[in-house]
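Before anything else, here is the set of structures, which you'll find just below.
Next come two complexes, and both contain subunit A; in the first it sits with subunit B, in the second with subunit C.
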Partner chain A sequence: MNWHAKAAIARSCAWLFIAFVLLYLMLPTIIIATASVSSQETLAFPPAGFSMQWYERAISYPDFQSAFKNSLFISLGTSTLATALGTAYAYVLERHNFPGKKLITAALLSPLVIPHFIIGLAVLIFAVQLGYVRSFETIILVHIMIVVPFVVRSVLVSLRMIDTDVERAASSLGATPFTVFTHVTLPLLAPGIFGGWLFASILSFTEFSGSLFVSTQSTQPLPVAMFTYIRDFADPTMAALSTIIIGVVAILLVIGAKWFGLSSIISVHDDAH
Partner chain B sequence: MTPAVDLQSVTKQYGGLKAVDNLSLRVEHGEMLTLLGPSGGGKTTLLNMIAGFAKVDSGNVLIDNENVKQLPPHLRSLGVVFQNYALFPHMSVGGNVAFGLKMRKVSGAEVKERVAVALDLVRLGGMEARKPSQLSGGQRQRVALARALVINPAVLLLDEPLSALDKNLRAQMQLELKQIQRRIGVTTICVTHDQGEALSMSDRVAVLSQGVLQQVATPTELYNAPATPFVASFVGETNRLNGTLVGVSGEHASVALGDGSRVTVPSGGISGSPANTPVVLFIRPEEVAIEPSDIATGNVVQATVFQGAHVDVVVDTKRFGTLTIRSSQRVDLGWEEGMPVKIDIRWDKVHAFPA
Partner chain C sequence: MATMSGERPRFATYMIVPAGIVAVVIVCAMALMLQDAFRVHVPGTLDVGGFTLDNFWRLNRPIYTKAFLDTLLYAALCASLDLLLGYPIAYVLVRARSGWLKSAILIITLMPLFSGDIVRSYGWLVVLGKYGVINMFATGTGLVAEPLQLLYTPTGVVIALVQYAMPVMVIILTASISHVDTNLERAASSLGASPIATFFRVTLPLTLPGILSGTITIFAWTLSAFATPQIIGGGRVQTIATLIYGVGFSNFNFPLAAALSLTALILIALVLAVGGGLARMVITARGLT
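Presenting the complex of A and B:
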């Protein structure tokens, strides 16, 4: 066998392997999406028949409707507050040196290594002391802790890409430090800030374990409502709702990656530089 | 007349290291002064202190007789052109140039007019709407220059302004920069590590090494009468010979070389030194005559470097070690490796310093 043939076989094997890994990673999505169009009463794979009735039920089910509104409110509140906090934090971390900076950075990123339900539990215990039991504020508080590290990372990446000489140029032209920030730094940071905001919204919207302990029937976000539903019913409604969520999030991520440099926080390599 | 920029005993330390050490320098109105030195020599630190980007540890920085040591950059009214241009990527060319005027609350109509004039000056008239990303390196450089000049700065600061351009463009921009500077007469301080750039563009050159000012002089003076061994070896090419001082009499000094022979050189940098001081002699490649020889001379051609208009001949000499000698003889006359040559050092052109 000649060298070219060997290379061709090796290349085919590599592609086959990549296809398998992709299939493996996509498996939950594929199963859920297929099961959601089943005409049967129970959640099963492979499905029997075809029907869109579960999508109809998912959209019209009152618990899901109120939970969707809760989730939207929580996720908007979380992402907006976390973006303000994370941007300020990233700016201080990147542009200033002070004693204990490493410690503070570690503390800030620690929610990444703490299981989310433990954060929920801890905040619940704390909230009981303050009399703020299981309100929206409590859920948002938990979510902010979970998403802030991602916002910081997104803004940090954008900050590091700004040539500080550009800011110096602005100040040499007569711009006060505040004007430099509003006219130069902030516009250049905008993609990173928006990317962080979008990512924070998605993370908050799909967060389950962090919300479990701190939510009630009236404040529960969508993932918790879905969990409650699946404990009581075994029909494909859950699969239909999941498919909708996966689709919407995927579209948002593609938009984010394409226009707002979101890839820098979710992918390993950073093709912007 | 007061100088445009007056640096008085300026010192800057980073950690324990003195980046700029007790440096005093006056820049006259309308002149173009270049800070030349190797990287790490302190020239960029000095520029940053003038611009206000770096704090002055001790000493004073006076601009038009006003001490600006405590003033933040935005109150100093200086034009700065950065190495990588530092254009605002989110603004158009017009927006970039107009920025400084808007900060000064200049009226809209006047901004428009002055931006157009500034862009004409750098031969980019009518390019207001372009984005910096649509421009070539040379064009970005011009926008950066227009942006710095439009505010009529007291002093124009250029930080390695041409280093990011390719060689042909650099030579062209050197000329253009010099012409623009002459035309508007703005006091200019330029930082560079490129001695060719420094010698060709400047009215005066200040050579810095390890934070210490070595010499401030016109390009010609710098080349023909270096004040320190550092300047002699850093500016232009040179050969270095070691010897021992025998004695000084007036303008002349007698120096014993390694092989025991004695030569007479201008006393210059060693006029105050006692006998037996080790000295170092610098002789430029063009101050040594070279011609082919039919018989063995002890001097043999080791290598030749073709430079276009001239040839650098590296000669292995019995008496002085390896010397680089510049020959303007036509190449086809031929300097071949291994051929014996006669050399003649113009000892009166030597620059001598204590070693």
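Presenting the complex of A and C:
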């Protein structure tokens, strides 16, 4: 057999292998989506009939309703604050020197390698020492710590793509450094900032480990409520809710890829550890 | 860094402050928790007593050492499997010519990163269950007589963890493969090497830095994973993370939980340091940059 034939066989095997891996990656999603429209009480496969009752239950279940509102509030608060302080920090980090630059940056990026539940535990102990009870502020603080490294990195990527000549032109024409920042740098950074904000919102909305220790029954975000639900019930309500979440996240990702460049979000992970 | 100036405008100083506060709180909170590791546990309260090293001696018990060794084993398995399954995906993502195929593969591969711990683990709970799709297939085709026990076993946990870490592995490998100079591959084939030989003797060795960095990263990632082993393991598979959760939130023994956390963090730091050093050595020895 010559190597042309061998290569053709190898290529077919490779594609088969890739199809198998992709099926493995998608399997849970396919099964959840199928199970979510089942008319049965139990999660058997394949489903017996078709019904939308689990979607109705997922949307009307009181714990999910309040947890959804909590999650929306927490993730909007987290992503907005984290984007503001992360963008500001990334700008100064890239353009100027300041005392303690390396130490502050290392501390800020450390949540990338610290398990999230340890961060939650640490902040809980810290908050208790300061006399704080478990509140939304504590949850948002933990979430900010978790998402800020991603925001800083995605803004840094965008900052490095800006032509600094534009900034220099503005200052040579008499603009103060602050005016240059607000009128030249920020507008140029806008896509990167929006991308980072979207990314931070999704991460915060789906964060579970970091929230588990710092939330209570009344402040619990959606993933924590879902965790409790799995322990207590085995009906396809969770499948319906998971399908909704996967659908919304997929749509946001496609939007993110189209308008803000998913590539900049991805490069966030490259050499992040 | 063309515009980096010695003179720092005043507004820039103010702009560091919010992030600086977050950095300080991270350090303080971590320090405060980790010092609990050296305190006496007072049963029934969240307060801690005086200085002690007992919490670390207690880690020498079989239940803790077993959890640590098991976690290392699962992490090593996940890192190897992710490399094996992720490399072809990354290769296709870089080299495929069709744009929509690339986008589709990219979205499918990245989805586990964005769907969140709970949705992802729940999916595996359904797939791996006694009446889940894997067992339906296995018993339906007559491969096995009895349903396989996958849920609440290390096998199930590893199957779910490999999917969890796949996006990160593929992202790191993609970056590495896209840096390979395709002229080198073309040179190899023009000198008579078959496509298979070109891949194994040119492309694969050139992406060694990415392979090493991906493997180390996934090892550290899965080492510290919590939700997946907690939900798929169902308390019957103990990892470092599920152990810390149990000790801290079922027994409310914060000092012991802190000692476990400190040990886990040192372990992760060691993995990253030793792995990183090893990777640098291999890369310099092979003349790759």
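The rule is simple: the second predicted complex is superposed on the first by the 247 of 273 C-alpha atoms of A that agree within 3 Å, B and C clash if a C-alpha of one lies under 4 Å from a C-alpha of the other, contacts with A are read in each partner's own complex, and residues count from 1 in each chain.
In the analysis below, a residue touches a chain if its C-beta (ideal position, glycine included) is under 8 Å from a C-beta of that chain, and two chains touch if they have at least 3 such contacts.
These figures come from a predicted structure and were not determined experimentally.
Student: Could you figure out whether subunit B or subunit C reaches more residues of subunit A?
Tutor: Larger number of subunit A residues touched: C.
Student: Return first, second, both or neither, reflecting whether A:Met52 touches subunit B, subunit C, both chains, or no partner chain.
Tutor: neither
Student: Give one of first, second, both or neither to describe whether A:Val184 is in contact with subunit B, with subunit C, with both, or with none.
Tutor: Only subunit B; A:Val184 stays clear of subunit C.
Student: Now for A:Ala239: first (subunit B), second (subunit C), both, or neither, which partner does it touch?
Tutor: After superposition on chain A, A:Ala239 lies in contact with subunit C alone.
Student: Scan A:Arg168 for contacts with subunit B and subunit C and give back first, second, both or neither.
Tutor: In the superposition, A:Arg168 touches subunit B and subunit C alike.
Student: Which parts of subunit A are in contact with subunit B and also with subunit C?
Tutor: Touching subunit B and subunit C on subunit A: residues 168, 176-177.
Student: Using the touch definition up top, name the residues of subunit A that touch subunit C in the complex.
Tutor: Touching subunit C: residues 3, 6-7, 10, 14, 17-18, 21-22, 24-29, 31-32, 35, 42-46, 84-86, 88-89, 91-92, 94-98, 100, 103-104, 107-108, 110-111, 113-119, 121-123, 125-126, 128-129, 141, 144-145, 148, 152, 164, 167-168, 176-178, 181, 202-203, 205-209, 212-213, 223, 226-227, 230, 238-239, 242, 245-246, 249-250, 253-254, 257, 262, 266-267, 269-271, 273 of subunit A.
Student: Quick one: which bits of subunit A touch subunit B in the complex? Just the residue numbers, please.
Tutor: The contact residues of subunit A facing subunit B are 163, 165-166, 168-177, 179, 183-184, 187-188.
Student: For subunit B, which residues count as touching subunit A in their complex?
Tutor: Subunit B reaches subunit A through residues 51-53, 72-80, 82-84, 86-90, 99-100, 103-104, 144, 147-148, 151.
Student: So in the complex, which bits of subunit C are touching subunit A?
Tutor: Interface residues on subunit C, with respect to subunit A: 1-6, 8-9, 11-13, 15-16, 18-20, 22-30, 32-34, 36, 46, 85-86, 88-89, 92, 103, 105-112, 114-120, 122-127, 129, 131-133, 136, 163, 166, 168, 171-172, 175, 194-196, 213, 216-217, 220, 224-227, 231, 241, 244-245, 248-249, 254, 257, 261, 264-265, 268-269, 272.
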